[in-house]
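What follows is subunit A paired twice: with subunit B in the first complex and subunit C in the second.
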Partner chain A sequence: MASLPRRIIKETQRLLQEPVPGISAVPDENNARYFHVIVTGPEGSPFEGGLFKLELFLPEDYPMSAPKVRFITKIYHPNIDRLGRICLDILKDKWSPALQIRTVLLSIQALLSAPNPDDPLANDVAELWRVNEAEAIRNAKEWTRKYAMED
Partner chain B sequence: MEELADERVLEEIEALEAILMDDVSVKKSSGGTPYLVEADVFPATADDTDQQYVRVTVEVKLTLGYPDTPPVVVLRNPRGLDDERLRVIMDQIEEKCQSCCGDPIIYDLIELVREHLTSSNLPACPCTICLYGFSEGDQFIKTTCYHYYHAYCLSEHATKTEKFFKEEQEKLPQFQRSKTFEVLCPICREPIKCDVETLSKAPLPLAVQSACIMEPDAKLRELQDYMSALYIQQKEKGGIIDPDAADSKVLLVNEPYYVVIKSSQTVNGSSTSNSNPFFGSGESCTNIGRAPPEEETTTPRWRQRQLEQQERQRQRAMQQRDGRPMQQPKPPKPPKPTKTNDDDDDDDDNADHEPQRSIGRQRRGRGRGQKINHRNR
Partner chain C sequence: MGGCVCKDEDTTPLPNSASNGLIDDHYRPISQCGFKSASTAIHMDTVDELVLETLNVIDTYVETDQEPPTSILTLHAIADQEDGWIQVVTSMIRVIPIHHPLGPAVITLLFDDCPLPTKECVMKLSNILNLSMQVYSQGSPQHRNTCVLLGLLAEKLSGPSSIAILTDTTLNYLIKNLDPTAEPPVILFSLIALEKFAQTTENKVTINKQLESMESHPILQLEKWVDSQCYFKRQVGFCAQWCLDNIFIVKDRVFSYQCVNVEGINVMLNTKDVSEYLKISPDGLEARCDAYSFESVRCTFQVDNGVWFYETLIITPGVMQIGWATKDSSFLNHEGYGIGDDEHSLSYDGCRRLVWYKAHSQKQNRDVWKPGDILGSLLDLDKQEIIFYLNGEPLPPCTEVFKTASKGFFAAASFMSYQQCRFNFGSVPFHYPPTDREFKSFNGCAQLSPEDKVILPRHIFLQQLSKLSVREDSCTLCFDKKASVRLLPCHHWGFCSRCADQLRECPMCRAPIVSKVDMP
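Then we have the complex of A and B:
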């Protein structure tokens, strides 16, 4: 832990002291670059009420490179594939070192509020989202209820 | 508002306008009585604007009885100043106003603010790259878009983005390539002009050198426990993405290819079981399945041996797949959501497969635990 970059320590402390509402990110006990994350489904979205687990990893050259993030909890969303991988520009070529763990997670939460079937990662989901949005939303709600809600 | 302006006030305003010229603006009522003075204040740097890192607008509202009653002063549009510093300045302004009743004091107030800015001509906002502030002795940059970075931090950013730019260019056919690379401001993405070579000679920011180390506390442990408890709960409901199930389909496709290394038995204790298959694959749609290049070479030899062993076990397991005889799924409900669970959750879903660049025998699976060890040594 001694040689962990200062910035990561600072971000971690702030995440714990002033958590973002609806988002929780906790470093793994064995690896301070690995975060266990919970993002709550945004109000008014089909994911409302769900607690979605994600994993987030800060690569060697973070913050010059984007964190690696994926969903662990199953989620029915056109921009998130079966393996939980997320299609989001700031995780790829639009990454900027001025972004942080908290801003990345906020963007992911925002993605839940604004699915974009025209830029799909999960093709079957996106297709349904395009041709029959009502049914897609029903599916998303069903998955949320089934997989992401606390008992 | 008095119709007839106080002589003292008129004289003072005249003097202010003569001294400060464009930096001051005076608003007057229809009768010509001044009631508001606004002054843009910069640190005294012999008019070298490049060296002015902070600024603020002082707004002085002249009260009815001014100068016998104190004016109302507000600081507006601060740049590079944080709340704390603004509060210190405001306190001194209040003090000055109370102690100098009866005298025209606007010029004194402006000078007071200017002295403050000059003595601490350093942006108080942190550098958004390292998240630490600017200390005396740090080399830093004010961009044309008025954002501040340590020279060191900005050079890291510039170097990295240029490298990325070149790599991306090489992937494009000749006619689509663009020659010009621009460093973009990390905050607003405006192009910035900077000389990377000079920047890169700057030393590490002082605050970064001296920051303290974080120790996990009880609250953190509690959160970690909650995380693993929730994982278990979702796991039981089948809500956790099962890479095995996904794999069996993905395997039919050339790319992406995932090697399943079946190892619920845990090689060498729990630490090896933490590997994280998806990192490196959180790519956007265009690049699914491309693995991060850096990791290819970093697998230690001992780990490779472990992986080979796991691979053999996997193949054995595959042969017996129909009956699923060897590796039973985990016991349904572990007693407590503590350590054991934690181990187990990693075993099962995260640990055992890695995105591959192509179909091949070389594997790069490795434990989360190891990753940090050799990276942070």
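Then we have the complex of A and C:
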């Protein structure tokens, strides 16, 4: 592996020592740039009660470019597509090297609380969210129950 | 180009036009019957044909800006539905032949871009697989394909779902497959599947327990094949050794890096200059990729002038891009870019028979390479040409790369999934040394300190790293250098000059940077 930048070591140490409430991010044993992430569905959102798995990868030029993050658990959300890809500005053109793994994951948690159907990635979901929010929220709850809750 | 189909941009994977006439007319009608996600009852033969079609056209799918073959897009559309997903997956197990060099890579490629399976869906598949493990006859490709898929499932579904799939039946099946009398391809992919299941800690504990309870540890037996002249067995040996050093640690076994003989080896593959999933042998000369990404590595020795030569022993017949790169060439393994995919590198892929430069390829009129072949790579910085030799037969000289790079070259290579080769930088005699000019070997000119010759297992390396501490006044972006720069006009500070050089707007407030001033 390319030698691991101090920035990544430092962030990892802090993530493990002072975890963010509702979020767990654990580096892979064999790859310090790859994190296994679990985000709990925020209270009051249709995702409440769910545990959502994500993968987070720090590219070679991190922090000059954004981490790559993807949902592994299926989720019904207008800004997340069927491959788990996330439409979030700070992961794209609004990235700043002062942002960190923890801030990115907090933003993703916030996105679960506040879906934005006007900037969609999953078009059919966004459409329903716009024309019939109640049904969309029902679907989101149903998916959360079906895919994000361990029995 | 490493053939990742998953580019960030495409979110609507339905074909809008036939792709550049690359697909035989014969196949067109199937691919273009326009599946909508509602239709689930697709005939199984159709799926089988699409899978085989993908296998046939995959080596024409080389440019990243190229639309993926229609068969791939159609299969993904079918896999959008739960039943369709199971159809596609079971079809791959049934029809991918064992000897096609890109078989396992195609399974990996198709599987990776399929939509995420639900847990029910995975359990359904797991039940189908459990049943089929018992019915396939010995030596049939279905066993190998089943193991490839189990590995992919394990990788994709880390955590509870991965634990759920590793049922007793599955675990016993995979471990039984490690019997040295089983077919080497089945042993190989069972071992890789176990390695991927072990990415989830609970599974690792379960697997280790099972292995240790056996009379003789099967992986210890397989490790002995590491130098086998049978190239399938050799792959098994390589993976067995890697697993024992990195994942399935056996008490009282000495790590390979502690007992390998590296005397006389003065150049290695550089463990500090490699993308993260490539596996490197303890002697630093053999490498293998079992990940989905397109993994790359450079060697430890740089050359700036003169004539240089090295050889590569081809162990697997699939896609590898082997050649030369400067430090400016970047390893974009997750995007599918490697050696030969930018202007700072040039490479040869003897599977697709293509010379690569700047991500564009030139077809070569040669046989496809096969295990045991020797690829020679000559870099003549005086004449400004690169010549590849397949078993001593030269390909036409390549000169393009010298328009953009004139010195600072390293031997370098990229690997698609399940590919492996061994480098000879001159520590042993060459098979086919060039006879038309004088050349030097790296090994004759380079030196490595004893500590640089140690290829540490990653878990030990990461342990050592986590003990590092960070100074208080360090740059807030890299934590590496001293913070010394203030940005104007916003006055935010706390950055080193190297990081500041890469900034156009302030990381704190996004204000455009007009100037950067050094602080005392």
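The rule we apply is simple: the second predicted complex is superposed on the first by the 149 of 151 C-alpha atoms of A that agree within 3 Å, B and C clash if a C-alpha of one lies under 4 Å from a C-alpha of the other, contacts with A are read in each partner's own complex, and residues count from 1 in each chain.
Here, a contact is a pair of C-beta atoms (placed from the backbone, for glycine too) under 8 Å apart; a residue touches a chain by one contact, two chains touch by 3 or more.
Remember, it's a predicted structure, so these values are computed and weren't measured experimentally.
After alignment on the shared subunit A, the placement of subunit B and subunit C results in a clash. By the touch criterion defined above, A:M64 reaches both subunit B and subunit C. Looking at the shared chain after the overlay, A:P78 reaches neither subunit B nor subunit C. After superposition on the shared chain, subunit A has more residues touched by B, the comparison being subunit B against subunit C. Residue contacts after overlaying the shared chain place A:D119 against subunit B, while subunit C stays out of touching range.
By the touch criterion stated above, A:I9 is placed in contact with subunit B and with subunit C alike.
In the superposition on chain A, A:G41 makes contact with neither subunit B nor subunit C. Looking at subunit A, you'll find residues 1-4, 6-7, 9-10, 12-13, 27-34, 36, 38, 53, 55, 57, 59-60, 63-64, 68, 72-74, 81-85, 96-98, 121, 146-147, 150 touch subunit B in one structure and subunit C in the other. If you check the complex, the residues on subunit A that touch subunit B are 1-4, 6-7, 9-13, 16, 24, 26-34, 36, 38, 51, 53, 55, 57, 59-61, 63-65, 68-74, 81-89, 91-93, 96-98, 100, 119-121, 146-148, 150-151. Residues 128-132, 153, 156-157, 160, 164, 168, 184, 186-187, 189, 208, 211-214, 216, 219-221, 223-224, 227-228, 230-231, 233-234, 237-241, 243, 246, 249-250, 271, 274, 276, 278-285, 287-288, 292, 294, 342, 349-350, 368-369, 371-372, 375-377 of subunit B are the ones that touch subunit A when the two sit in their complex.
The touching residues of subunit C, counted against subunit A in their complex, run 6, 8, 11, 80, 113, 115-116, 118-119, 156-160, 199, 201, 246-247, 271-277, 330-332, 334, 458-459, 461-462, 465-466, 468, 470, 474, 476-480, 499, 502-503, 505, 507-508, 510.
For subunit A in complex with subunit C, the residues that touch the partner chain are 1-7, 9-10, 12-13, 27-34, 36, 38, 53, 55, 57, 59-60, 63-64, 68, 72-74, 81-85, 96-99, 121, 146-147, 150.
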